[in-house]
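Chain naming follows the written order as A, B, C and D, and within any one chain the residues start at number 1.
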Amino acid sequence: MRRYILTITCPDRIGIVAAVTGLIAGHQGSVLEAAQHGDLETGRFFLRIEILAESLPAGFGPTELAAAFEPVANEFDMQWSLTDTDRPKRAVLFASKEDHCLADLLQKWRAGELECDLPCVISNHEDLRSLVEWHGVPFRYVAVPPRDSQGKEAAFAEMDRIVQDERADVLVLARYMQILPPTFCANRLGRIINIHHSFLPSFAGARPYHQAHDRGVKLIGATCHYVTADLDEGPIIEQDTRRIDHGDSVDELRRVGRDVERTVLARGLRWHLEDRVLLNGHKTVVFP
Amino acid sequence: MRRYILTITCPDRIGIVAAVTGLIAGHQGSVLEAAQHGDLETGRFFLRIEILAESLPAGFGPTELAAAFEPVANEFDMQWSLTDTDRPKRAVLFASKEDHCLADLLQKWRAGELECDLPCVISNHEDLRSLVEWHGVPFRYVAVPPRDSQGKEAAFAEMDRIVQDERADVLVLARYMQILPPTFCANRLGRIINIHHSFLPSFAGARPYHQAHDRGVKLIGATCHYVTADLDEGPIIEQDTRRIDHGDSVDELRRVGRDVERTVLARGLRWHLEDRVLLNGHKTVVFP
Amino acid sequence: MRRYILTITCPDRIGIVAAVTGLIAGHQGSVLEAAQHGDLETGRFFLRIEILAESLPAGFGPTELAAAFEPVANEFDMQWSLTDTDRPKRAVLFASKEDHCLADLLQKWRAGELECDLPCVISNHEDLRSLVEWHGVPFRYVAVPPRDSQGKEAAFAEMDRIVQDERADVLVLARYMQILPPTFCANRLGRIINIHHSFLPSFAGARPYHQAHDRGVKLIGATCHYVTADLDEGPIIEQDTRRIDHGDSVDELRRVGRDVERTVLARGLRWHLEDRVLLNGHKTVVFP
Amino acid sequence: MRRYILTITCPDRIGIVAAVTGLIAGHQGSVLEAAQHGDLETGRFFLRIEILAESLPAGFGPTELAAAFEPVANEFDMQWSLTDTDRPKRAVLFASKEDHCLADLLQKWRAGELECDLPCVISNHEDLRSLVEWHGVPFRYVAVPPRDSQGKEAAFAEMDRIVQDERADVLVLARYMQILPPTFCANRLGRIINIHHSFLPSFAGARPYHQAHDRGVKLIGATCHYVTADLDEGPIIEQDTRRIDHGDSVDELRRVGRDVERTVLARGLRWHLEDRVLLNGHKTVVFP
């Protein structure tokens, strides 16, 4: 079923929902899902509405709906977006050598569980080329030379070009083992998704499974978050944990952790693709 | 903060939310929370809205709000209720000998986590009198003679009288080990909450931990549900599970299970008290 | 590290562990892991010991260890097995059209997370041939004609031949949508692993996600079990659950469920491959 | 059933289990449970064995068993302890104003789920006196004057006296809101159990629910650990997490968190009382 998804962030005040749903009902729009959140601390209001496309009059498509919505949006000082499920988002995946997250995303994508286009996968290693190409997705190898700041800059400039050429809506770091330079992240707030292999804020930085093993925690976890210039500090989209015990080596933590990582990343990405994740400062609102 | 909670069930059609929120906004009502669900199979629509009482004009209390709402309700053929957090529900708890659920509910109630009045606890045993009375709650002992159908009838007639005298809004079976007769349940659909010590529909009936042990399951659970004439078949409000292993005896299942039972019952009851649970045939809609 | 894994089941009595560990220590064997369980109801004792191969004297391999162990085994009336991690088990996977379990097993196998040989995948459909062959595993298509008992018999006879030719130690039904005939299961107790897409014993049989949706449960699950002639009644190896809510359609239950299914099957299979699962009547002992 | 519980820590080498179980079997001792762990990093070995008291010869009690065990212990350079379930540990509970952990421990203790003696509860507030005394446990009020280092010192000296007079085996900080001075903790390593209301190492220190809310995590947790001079850095015994969402206020995190705290503390304490927790440097081995 084709749907239009309207997401809104604005200062909270009386009458927002009445105005928005009134406008939709005025055009005979049928609402399939709606969720809202008022943040008492920031005074911001968040709204997500799914409208059944075919319930609107013939010829009243997303452009017409957006135009009709404009005055309401202005009245309430809204930041908003209107997406059309017939125009899926374009996601560029980044990976390095480990395939557990990438393989899971590709399998789910092929099975129709992730509604997006995959114009390409970018990697700094050749290892995963065959896996990616078997799924019918172009593989773009962009080497990132270590300890060569000029070479690195050139590599990220090339990736930037690819991402722009492919008109990517979202970048997904599926265990991509390079730190993105701030210039690359700038202007992409809320559009780069990373999976960190710990339950943040615990064990930020390198080798989280070693850190977890050293500290002797009884659960390990993974965190899916938007990337910001502050490494591992971006807005959290989703997290989960699994039980471990004293007998588990670092390798066993890695194995258990891989299952959490892939599940958490796939869940976070799906919510993003369905416009369920709204930024609220350095936090997120997730309408499941 | 005093709030009015409006819950609505009606046939799904266009304009419901716009009409309801339009009415509220028309009286300057501030919506704190709203959640909705359209059931595609039954064509029913469910809505729950929390309105900040003080945002409405002076003198415009629940009676006035209900009166103003009446025409909208009629237009959309709504079943609805409007509750006032300043008039907490009256809950009568039923227990037998085991205290783990009852003690948890009483502790949470005393700590302010369960917003309700507790006019009394009814029990078919004297064992828990002291616990109940220590919490300042009247204890009503009603013996239920075994294998004596006339005696049983009289006992339930007395409990019925108590419940009516106390103007109870909800009855909570906190491991009450008697089966309620159909006459007692009739007219109380959605107003009697039970905790069953298994993950229903598995292990309905007697001795679920023995059944679970015999089957060799790897998780056990508990189910909070509304009571109907069909034992263990009522609409499910909440469930949860815990991991066990081959080394756990029936007694250990019971011990692990008690923690699940009390958590699940307290959660289900809190949702009921906050009008978050709406009946949808033999299922529930739970707005968390 | 090469290890010998000794698993033992016998009537419980005094001195078993002392005798077994005494024998191992007598040959300077280093024990890496040991776990035991005495079942008070059946009076059976279960033991699993991992011995570091290189700790034993040169020339004292599995054959010599088994020979040395024989008298102890006889004394205590043991059923036992001794496996060598240098000789991984041979697993034949069965699948139909859905790839979520199979793809996960293949990915984990390729990543070295499942230590076994995969001589082939058998399927009653051609859909997954490419996926399987990309992983370098032979794909054997065996059609199972519907409503043709003779054709079915021939098909299972062929599969039986393949399985025997491949000297399979274990068969894994990774969402294989055919019911194995009793003749095929006979003599394979504890050697055929199935994944059922419900939290058994709830929702045995066909279309468990529909059943779960109809009943309105708040969690769904999956069960990995050994196959017996009694469908969905075999000894349970592993189970897990995930939270759902009233808004989830049957399709969404399927999607959430697929992640549980693949995780539970992979975990159960890994434990089987590591000889961690011992049969105890119609139940299992799992040494994690 | 009366049991003797033997726990052992020693350098790992060949023959430990054979020697220990050989000795037990030599006296006809029946082993009910046994679990072991070899730590590859530290080279330490850990063992816990439950022996059925009545299986040993008449007159061969814990003293005789210990004497018989002495030579084995010396041979393998063991730190060990032998406890007798007929002599339950003596636990002194510490609490302040919040009762959720204390009430849960008292309820479980009364129900026989925590096998220990409770000589008294110590508190720096009078609030919980009635609750404690209703359970038949003496309540000792010891004021801790704020910002008065001499007064504090005297208070902890008094508590130290009480704890010694009561011959406490373990101290349990059930949301006791005072920091224990290093002198009080010294010589009590592995004998003071605390519950911290976060998933450590995240959100150590003050106001963890505020910290969690500010960071926007999607799960909160609690940690049961042994107290050391380094605040919130002691060996972790048990942890757990619960899901929250963007709509949960700090107060709601507190409410959800209280259920996790009490469950985790009760579990950790039970394991400690059953001698299932062994120290391994700044980590623990927990035999469940």
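One rule holds in what follows: a contact is a pair of C-beta atoms (placed from the backbone, for glycine too) under 8 Å apart; a residue touches a chain by one contact, two chains touch by 3 or more.
Predicted model only: the values in this text are computed from it and were never measured.
Of the two chain pairs considered here, A-B and B-D, the higher C-beta contact count falls to A-B.
Set against the C-alpha centre of chain B, every other chain centre is closer than that of C. For the pair chain B and chain D, the distance between mean C-alpha positions equals 36 Å. In chain B, the positions touching at least two other chains are 33, 247.
In the complex of the two chains, the chain D residues touching chain B come out as 33, 99-100, 103-104, 107, 111, 113, 130, 134, 247, 255, 258-259, 263, 266.
By the touch criterion given at the top, residues 14-15, 17-19, 21-22, 24-26, 28-36, 38, 55, 243 of chain D touch chain C in their complex. Across the interface of their complex, chain B is touched by residues 37, 39-40, 199-203, 215-219, 221, 235-241, 245-247, 249, 280, 282-286, 288 of chain C.
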